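Can you read through this structure? Questions will come right after.
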Amino acid sequence: MKKKYPFLEGAIPIEFISEIIQSHTHDNNIGGHSIFLGQVRADIIEEKEVEGIEFTSYQEMAIEKLIQIRKEIFTKYDLLCMHVHHSLGLVKKGGVCLFVFTSSKHRKPAILACDELVERIKKELPIWGKEIFSDSSYQWKENKQ
Amino acid sequence: MKKKYPFLEGAIPIEFISEIIQSHTHDNNIGGHSIFLGQVRADIIEEKEVEGIEFTSYQEMAIEKLIQIRKEIFTKYDLLCMHVHHSLGLVKKGGVCLFVFTSSKHRKPAILACDELVERIKKELPIWGKEIFSDSSYQWKENKQ
Amino acid sequence: MNIKIFGKLTDIFLNEKYQLNKKVSTVLDLKETLENYFPDLKSLNYLIIINNQNAKESDPIPEEAEIALLPPYSGG
Amino acid sequence: MNIKIFGKLTDIFLNEKYQLNKKVSTVLDLKETLENYFPDLKSLNYLIIINNQNAKESDPIPEEAEIALLPPYSGG
């Protein structure tokens, strides 16, 4: 399936993240950026190591939901910019699978909006992770509250 | 004066930030990074535009204080990594002058620690900004609470 | 009626979609029918989504609705 | 006695250090002496730091102490 914003195939490259940061240094009204990166852990579960997580999503619904979240966050906080990216497909251990970026004139709106976005993305976007072990067996990821 | 950690001369390069991010993708225990970037705004004050901020610090005291803050943050939160960098000298508008980076197994400690660090750095580290205008006049920066 | 299946529910349906050939009028009706065919569903938490919206058991199922079964989310 | 001067206080002392040639025994004594020489100081908020620690007015000033005057911080 074709991936649309906010989805990217595989791990989110660090160069992609630094390009987004770089491109916002041209906006002279911005005083602070807050960034969250979710990274795939090599958890050991019953003596087997997680090699990577394969992400799937109900994309149409996720996109619609993210548009709504975006609107609500911009209404609630005095933000200048907001970017969200999430991986689909396989992300190997150590790879970045979630990238949230907010910018504001003073620091607090960016920080509060970023924190709230991370919680809402985990809770409200229909995305699932399948933890793949080194022996090719798997288990479905469950998020902590 | 020689600059020691956490101080860097001038704006913090985006490449420096992305290298720090990149180097932490090798730690397979990390599940989340939280990052804050402070950026110099081109504020207009009485019709004059801020061209840059010149930062000075009482370095010995700032370093001692940051060591204490670091210890307290590691005691309070279940963190895996913490990095703080602050500019000294002139940072032109759009330049990054503060970089805070925290990593943890699950997202919450990294997010809470980063938020608290930004507040404590602004409040407790003896650093001063001098806002330089395009006509070379200046005013001393005052932080919002 | 085509139903989209996601996450760990694909282990029960052994597919990412399921074609239901019985007519059902409400969400409760759909739920009972599916749990009758796939008893393992009963022990799982899942949402029934109609046209991108979370559906209540009493909701009717419109003609040509897009239906999906979603287990708890685990993105990020 | 050498005193380090920071931030906007350098606009009053016109330097980043100040050599005080009068003997002072406590922080209060130091404060009153400086505010007598530099009356503009009275209208400003500042901390007196002795050996990297915030000092109270009643604190004595040790021999060879490192003394600094700090206006409110504005880093970040």
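All chains are identified by letter, namely A, B, C and D, in their written order; residue positions are counted from 1 within each chain.
The definition used in the following text is that a contact is a pair of C-beta atoms (placed from the backbone, for glycine too) under 8 Å apart; a residue touches a chain by one contact, two chains touch by 3 or more.
Protein names from UniProt, one per chain: A, B = Molybdopterin synthase catalytic subunit; C, D = ThiS family protein.
Source: prediction; values computed, not measured.
*Asks:* Please identify the chain with the largest separation between its CA centroid and the CA centroid of chain B.
*Replies:* It is C whose centre lies farthest from that of chain B.
*Asks:* Just curious, how far off is chain D from chain A if you go by their C-alpha centres, in Å?
*Replies:* Computed value for the inter-centroid distance: 49 Å.
*Asks:* Cα centroid separation between chain B and chain D, in whole Å?
*Replies:* 27
*Asks:* Just give me the whole-number Å value for how far the CA centre of chain A lies from that of chain B.
*Replies:* Measuring from centre to centre gives 23 Å for this pair.
*Asks:* Could you list the positions in chain B whose residues touch two or more of the other chains?
*Replies:* Correct list: 38, 107, 118, 122.
*Asks:* Out of chain C, which residues touch more than one other chain, so two or more?
*Replies:* 76
*Asks:* Which chain pairs here would you call touching?
*Replies:* A-B, A-C, B-D
*Asks:* Given the complex with chain C, which residues does chain A contribute to the contact?
*Replies:* The touching residues are 38, 55-58, 60-61, 64-65, 86, 97-98, 118, 121-130, 140-143.
*Asks:* Provide the residue numbers of chain D that touch chain B in the complex, in ascending order.
*Replies:* Spelled out, the residues of chain D in touch with chain B are 4, 6-8, 11, 49, 52, 68, 70-76.
*Asks:* Give every residue of chain A touching chain B within the complex, in rising order.
*Replies:* Residue positions touching the partner: 14-15, 17-18, 21-22, 24-42, 93-96, 105-107, 110-111, 115, 118, 122, 144.
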